[in-house]
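Next, two complexes with subunit A in common: one pairs it with subunit B, the other with subunit C.
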Partner chain A sequence: MKRGYRHIKTRLAVIGAGIAGFAASIFALEKAIPVVQLGHTGAIAYTTGYLDLFGVSEAGIIDDPWAGLEQLRRTEPEHPLSRLANEDILTAFEIFTTVLSKMGIGYTVPGSENLHGLLPAGLIKPTLSVPATMLSGIKAMRRNEKTLIIDFEGLAGFSALEFKANFAGKWDQISTHKMSFPGLPSGQAYAETMARAIEVADTRQQLAEKIIQAVNGEKYVGLPAMLGMHEPDEVHADLERLTGLEIFEIPTIPPAVPGIRLREMFERVLPARGLVLEPQLKVKHVDFADQKVHLFLSGPLEDLEVEAETVILATGRFLSGGLNAGRNGLDENLLDLHVSQPPTRNDWYRLDYMDRRGHAINRAGIETDIDMRPLDVNGRPYSDRLFAAGAILAHQDWVRQRCGAGLAIATAYQAVEAAGRFLHG
Partner chain B sequence: MTVAVTDFRELARDLLPQGASYEACIACGLCASGCPASGLFGMDPRRFIRMAALGLNEELSSTPWIWTCTQCKRCMYVCPMGIDASVLVGAARATWPMDKKPSGIVRSCQAQMRDDSTSAMGLRTEDFLEIIEETAEEIRDDDSRFAKLQIPIDKKNAQFIINQNSREPAVEPEELGPLWKIFDYVGADWTYSSKGWAAENFCMFTGDDDVWKSMVETRVDAINELKAKTWINTECGHSFYTMWKGIEKFGLEADFEAGNLISYYAQWIRQGKLPVNSDWNRDNLKFTVQDPCQLIRKSSGDPVADDLRFVAKILVGEDNFIDMQPCRSANYCCGGGGGFLQAGMTSERRAYGKRKYDQIITTKADYVLTPCHNCHSQMEDIGKFYGGDYKVVHFWTLICLSLGILGPNERKYLGPDLAGTGDE
Partner chain C sequence: MIRTVETQVLIIGAGVTGTGIMRDLALRGIKCLLIDRQDLNAGASGGNHGLLHSGGRYASSDTETAAECRHESDLLKRLAPQCIDDCGGMFVAVDGDDPEFAENFPEACAKAGIECESLSIAEAKSREPQLSDKVFAAYAIPDATVDPFRLTLENVNHSMQLNGSSFMPHMQLTGFEVAQGMIKYANVLDTRNNESIRIAAEQFVNAAGCWAMNIAQMAGCDDVSLVYSKGTLIVSNTRITSGVVNRLRPPGDGDILVPGGTVSLLGTSSLTIDDPDNIHPSIDEVDRILSEGEAMLPVLGSSRFIRAFCGVRPLIRSAGSASDGRKASRGFSLFDHEDQGLGNFVTIAGGKLTTFRLMAEKTGDLVAARLGNDKGCQTATVPLPSGGVVHWSEPGLAARNWCKKADPSDLILCECEMVPQSSVDEILLQAPGAEDHMSLKAIALRSRIGKGACQGAFCSMRVTSYLYDRGVYEDNEGMLMMRDFVNERFKGIRPVLWDRQIPQMELAETLHCGMTGLDLVNKKDEPS
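What follows is the complex of A and B.
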């Protein structure tokens, strides 16, 4: 059958649909740069919703991420965040969180200190900005407020008892309660299902009544993150109104609502703001011509060619397909870019998995110049039109350093600034 | 129930494209979390994939869950690794003995095989042609604006060839009229074929690839013979997917391109050929739209979802349109697809449809617009079952309503609020 063909011209193409990719699109839209974004949006659903900047260094948990970054510049000058100014990083965070809040998920204003975000296993995550639906839990823990934690029958991966046990000694005034979620059949339950169901006013009313019956003098109530998918702030406010309690969400392990929320919001709102988004197709091939970059994709019924003036590569690491770990080393999947990496496979990991110094493979990745242009093995830019952002970058260890969102947002900002300078000549 | 035990891991190796692997599954559960069939018969997509990877073939060979999975591919859409459980479900369906498969799906497929009409409702071609002529005659008699209405059959070299869902000619012929009127209004160069004219294909849902192929071949041969440029289904869902996918899967030669009616509605509106507006919606009735999985997520993607919304907003008024969430390619299947509506598993189908019902109710819409017949029937059924008071309508009804050409007998899906609207 004759296949369709679609051709799109744009000034900027973003390859990748994680936090870095979406941040790049948001920054480009803010600068009125026409942008097309390509890539499978699936993995963004793994985020907790917390936007951490820099939470853990060799010395331990960091309360002041800005001072932590100053220290990082001395100890790890090649770290992507070391190469950016604090004021630029703050600007990036402010734009990103402001836009998210306007798009439909309220976020706290990034401040001078990390917040102690709650995690389901009763741990805390030092993070710069959190969804508004999660804020009062942080306050309740800090003040050791009398709090009821509720879990639901059939919901795996979130236990109020476990939460209480792991916070013992730090937050003693926790009581727990297990309930069934109104209207759900027995068996395994998912937070996503609850989040959809609670958007129905009758279901919300029924849950509010069950919560009122469960409290015993507590002013604060913590729930697994399930307060709506589409309009969480409205659902949160309405549940607080119905119960007269301060209610907060605790992010759960995947499949978790906060990440799905972000994914669906990006897919829903950004196209309405001017982004051309292809959320299912992956770029198969890229050609750099003299004046343009041509990107090729194939859909079920048509082929798509994107003609761009600049490209930001934000394809992530191994899970998202940006990097590939082969028998003979690491490769970059799309353009075969030079990958900074340990000399041999034997050097990828230390003997002790829990070694506090981390593992060399986690710091492998793409090297760039200060304009975020990927460099070849001789230190020359691959192209003046290509920029990189996010977890694919070398010389960072975002999981251990609790800097994944910060890395994505700040380097995406820097990449868009550099692409903008190139485009405007 | 006993069926032959299938080695699902082996099967997966044959089914998946090069480089893909079910072993890429990291068991995160996004598929199960986002699937309305999760929990039915104690199964979900993650469990199905994990059990296949672990070699639990006996259990997978006998679970009736495969008939509740609508093969909507939402699991693949949300999976970061792009794993498609529906392919394995289709293969599992094929392994069941014919007499153990849900009889409603089997009967629909068998009806298609009876003659070259390929109609799942068993409507023979001579009856189809007679019904068309009688219905056209009524329109010519009733509405002087369409006194010269002609329904072309087997016209060669037409721009459009239309596959017609059998439901209209078989049980509600008055619903044929609105689309004909639209074609007449825009001056479309179109035709039906007297062979392979039907727009449904339940043989894909029985898992019988040979018959699926045979149905598609009949239709492709007919279209090739008539040398039509663009093949279009009536407002429809699954048949569109079974046709283009069948052409691709079975390597058939097709000398035409696939089009869809919604995008042509959008094009004709943009060109001024369909001067529709929302003036008729004086009471500001609220509308939402259902994205059929087979048309959007599985076939044409968000560009056609955009066309759906463009047409809907023009027709009902921008402020009277409310999207369901999630929507477009991320939309939930309503539970009417995959043969579920014909499978006789009513309580499971309604449990599946609860998520769709919640989506609809949250919009507070008075009407749901959808271009898919199975979506249409399922959303009507769950609305009645769960106590919703919304109605479900085709696009063609509102287009003709807006143009003032909707006949009095073409309003069966409109409520009393629109019974006389636009009736000149």
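What follows is the complex of A and C.
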């Protein structure tokens, strides 16, 4: 069979299918910029589902992320979030969570304070916006409500007893219960399988009955995140109706439902809203000609060439393949962009893994100007048509600072604004 | 009132030497208590190359040590085959190495009684296809590899079965009480709860490896003088050669590649240090080992390494040896301390993993004679029995057993090495040194958990959850133990972080910090 060839023209091409890439596409669609998004989905399936803005500094947990960002602007002026205004970050967050909610996964409205998102092992994560299905757990913990935590036989890595033990002293009114998931054979179980199973009304009914039998005066019930894949809010509401209890989800270790849910929703809903999405292909090569950018991809049956006026690079870090760490240094994989990095391999990591100051390698990355255009060694933009967003950016440590989604959303917003100015200007 | 524990013989140090002495004495009917300030193989016995020396390595410089290795390795191959992979070995010289050294090698081996077969280059390359094109001389010798974890576990297991000798981990020797030329008590600290304990014994054996000099000094003896030589090794994620490959030249960095089950170990560097504690492998050492190793086996340059580790060799100081660890004696010394005015104290120091049995025999002879026991050493004839529960440290065994049993409710906790929860249960119940509040570290020591490609990222979380689920911990103790475990593992991972290990590390950090919050866990008395 002859290999096919396809050619697509667009005004904006987004490379990457993480939060930054999807956020960029969403912002472009909102501004009616024709957009093509390329990239196989990677890290997004790992997330807890929480959208963090800025949760932890070296001094500890941050309650008011907006004041925290003001502080950050003084201590870390190069941090990508330091270079954006609070109003713009808030606008970006609001558009993003509103669109998510409209598309089918309800998210809480970003407020003035961080929420204490629950983690599977019984600690908290300061975060700005959470899936609606997780909210009542945060409330229950804050008010020390009588709560039943349920875990499932066969689901490794989630233990109600662990959750309870680590909340001891802060949230004392927890009881635990282990049950089998209705209709699943005994043995290793996965949250993803449960999430798909519970979309069937009959399974939901059975689970509701088991929950009702398990409660003993508790008004709140926490479950590992598995309340449906496509319509979590409906599944959640129905289970609350069937049980008469306040039910909430707790994130689980990967592969986890909240991330898969986001990915599947993006892939299902965004194309219907006008996005041209090529979700399984990797961009192999990019060519900057005078007036256009050419992106080359090859699929199993055909070659694809995308001709774009502007490009947003949101290819993430090492895990997603945006950056590469050779024995002698770090580089950027697609365009060999200049990577700001520590002088030697010896400086990448500290000796103490859990050092609160974090590791220098996590602050390596692409440097940009205020318009999010990647800069070369001499501080000049690589191209007027190229913008970068998300975890690939230098001078941030999203893991330690709990700012992953916030960084991705806010910088994607800024990048789309700048690309829009270029296109219309 | 301070608690006193009584035993016939107290052995300090649960490495391969201490556990070997324990078994030697138990076979003579003498009851022992073995203590370690940490756990089994916390010292050099857990940080070595695992090469069961044929003696070839020492043939050119030290015929006596070479012959000793030859004899001991033969015995162990027969008596403890379950701990040994008799994979054979090779010495190769590459362009730039001294041709005369290579030429004299067969004769040096012959003097020590080591079989040495000269190989054509083509034959060497057909045995080990990864050898460099620059190899100009090659000899086959009967090297083998030994699993030191298995060996110590089996030693302890057998001793416990023989006569109820016992092992107490986390017991740190802090001093001795001496009266009339005899040690009456050893003072010991239980490092888990800071309880002080006294141990009364008839004989006291110091088998504390590179800490033996400190222990001897605690008893007022200044006759033990050691040089500390740090060695670093790196572990690849696949087995690169079928047998051991040695560089045919005077010992240097990165000149031995030893297979270890499904992986290979390249080493070692040799660095004289002042303090045997708080050591970690450095990036500098790793780079040096690797560039040397590449000369023999170019494939090492593009291999994936999953971990580095280091250990300290306690070498007996002899005249002129202070500055270079490699030139100090590799032999061992037995100190009866009688000229120091003590009648019931012995120190065994130096030596090698390969010669541990002989070291235990010599120590056992002295201790038994002092106790009036004339049963004689049995370890040269009685095979080391293969205990059940110690099996889990063997690579791949967990996977095989799990498939055999195929009980679907037996969840897999470690997916890289296929370790199911039932094997964690077994370790909790029966493994030597198991206690109620077993730490993740202790379980990892007794199993393959944390040794696979994910470097403990996922299994640390799954096993911790499982231990909570079983009610082992009731507060954040399990979380703190998980933090200790991943911190400890990181020391070994850090120097080999490049290429494909970086994404793995990035994911691990995201899971440990973002998903679990380990960077924010506090001990109750720690400031937040």
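In this text, the second predicted complex is superposed on the first by the 425 of 425 C-alpha atoms of A that agree within 3 Å, B and C clash if a C-alpha of one lies under 4 Å from a C-alpha of the other, contacts with A are read in each partner's own complex, and residues count from 1 in each chain.
Note that in this section contacts are C-beta pairs under 8 Å (C-beta built on N, C-alpha and C of every residue); 3 or more make two chains touch, one makes a residue touch a chain.
Keep in mind that this is a model prediction, so the values were computed, not measured.
Asker: So, A:V269: does it touch subunit B (first), subunit C (second), both, or neither?
Answerer: neither
Asker: Tell me which partner A:V56 touches in the superposition: subunit B (first), subunit C (second), both or neither.
Answerer: second
Asker: Check the residue A:Q188 against both partner chains and state whether it touches subunit B (first), subunit C (second), both, or neither.
Answerer: Both partners.
Asker: According to the contact criterion defined above, which of subunit B and subunit C contacts more residues of subunit A?
Answerer: C
Asker: Regarding the shared-chain residue A:R317, is it in contact with subunit B (first), subunit C (second), both, or neither?
Answerer: So A:R317 only meets subunit C here.
Asker: Applying the touch criterion given at the start, work out whether A:P300 contacts subunit B, subunit C, both or neither, answering first, second, both or neither.
Answerer: Only subunit B is touched by A:P300; subunit C is not.
Asker: Once the structures are superposed on A, label A:L161 by its partner contacts, choosing first (subunit B), second (subunit C), both or neither.
Answerer: second
Asker: Regarding the shared-chain residue A:P279, is it in contact with subunit B (first), subunit C (second), both, or neither?
Answerer: first
Asker: Using the touch definition from the top, say if A:Y46 reaches subunit B (first), subunit C (second), both or neither.
Answerer: It touches subunit B and subunit C both.
Asker: Touching subunit B and also subunit C: which subunit A residues?
Answerer: On subunit A, the residues that contact subunit B in one structure and subunit C in the other are 46, 185, 187-188, 254, 319.
Asker: Tell me, which parts of subunit B touch subunit A in their complex?
Answerer: Contact set of subunit B toward subunit A: 26, 28-30, 32-34, 38-39, 42, 44, 77-82, 244-245, 247-248, 254-258, 298-303, 323, 325-330, 351, 355, 358-359, 361-362.
Asker: Which residues of subunit A touch subunit B in their complex?
Answerer: So the residues of subunit A touching subunit B come out as 1-2, 4, 6, 40, 42-43, 45-46, 185, 187-188, 190-193, 196-197, 199-200, 203, 229-230, 254-255, 260, 264, 267-268, 271, 277-280, 299-301, 319-320.
Asker: Quick one: which bits of subunit A touch subunit C in the complex? Just the residue numbers, please.
Answerer: Listed in rising order, the residues are 46, 48, 56, 60-61, 119-125, 151, 153-154, 156-159, 161-162, 165-166, 168, 178, 185-188, 251, 253-254, 317-319, 325-327, 345-346, 348-349, 351-354, 356, 359, 361-362, 399-400, 402, 404.
Asker: For a test of understanding, state which residues of subunit C touch subunit A in their complex under the given definition.
Answerer: 280, 283-284, 408-409, 411-413, 421, 458, 461-462, 464-466, 468-469, 471, 473-476, 478-479, 483, 486-487, 490-491, 494, 497-499, 502-503, 506-507, 509-521, 528
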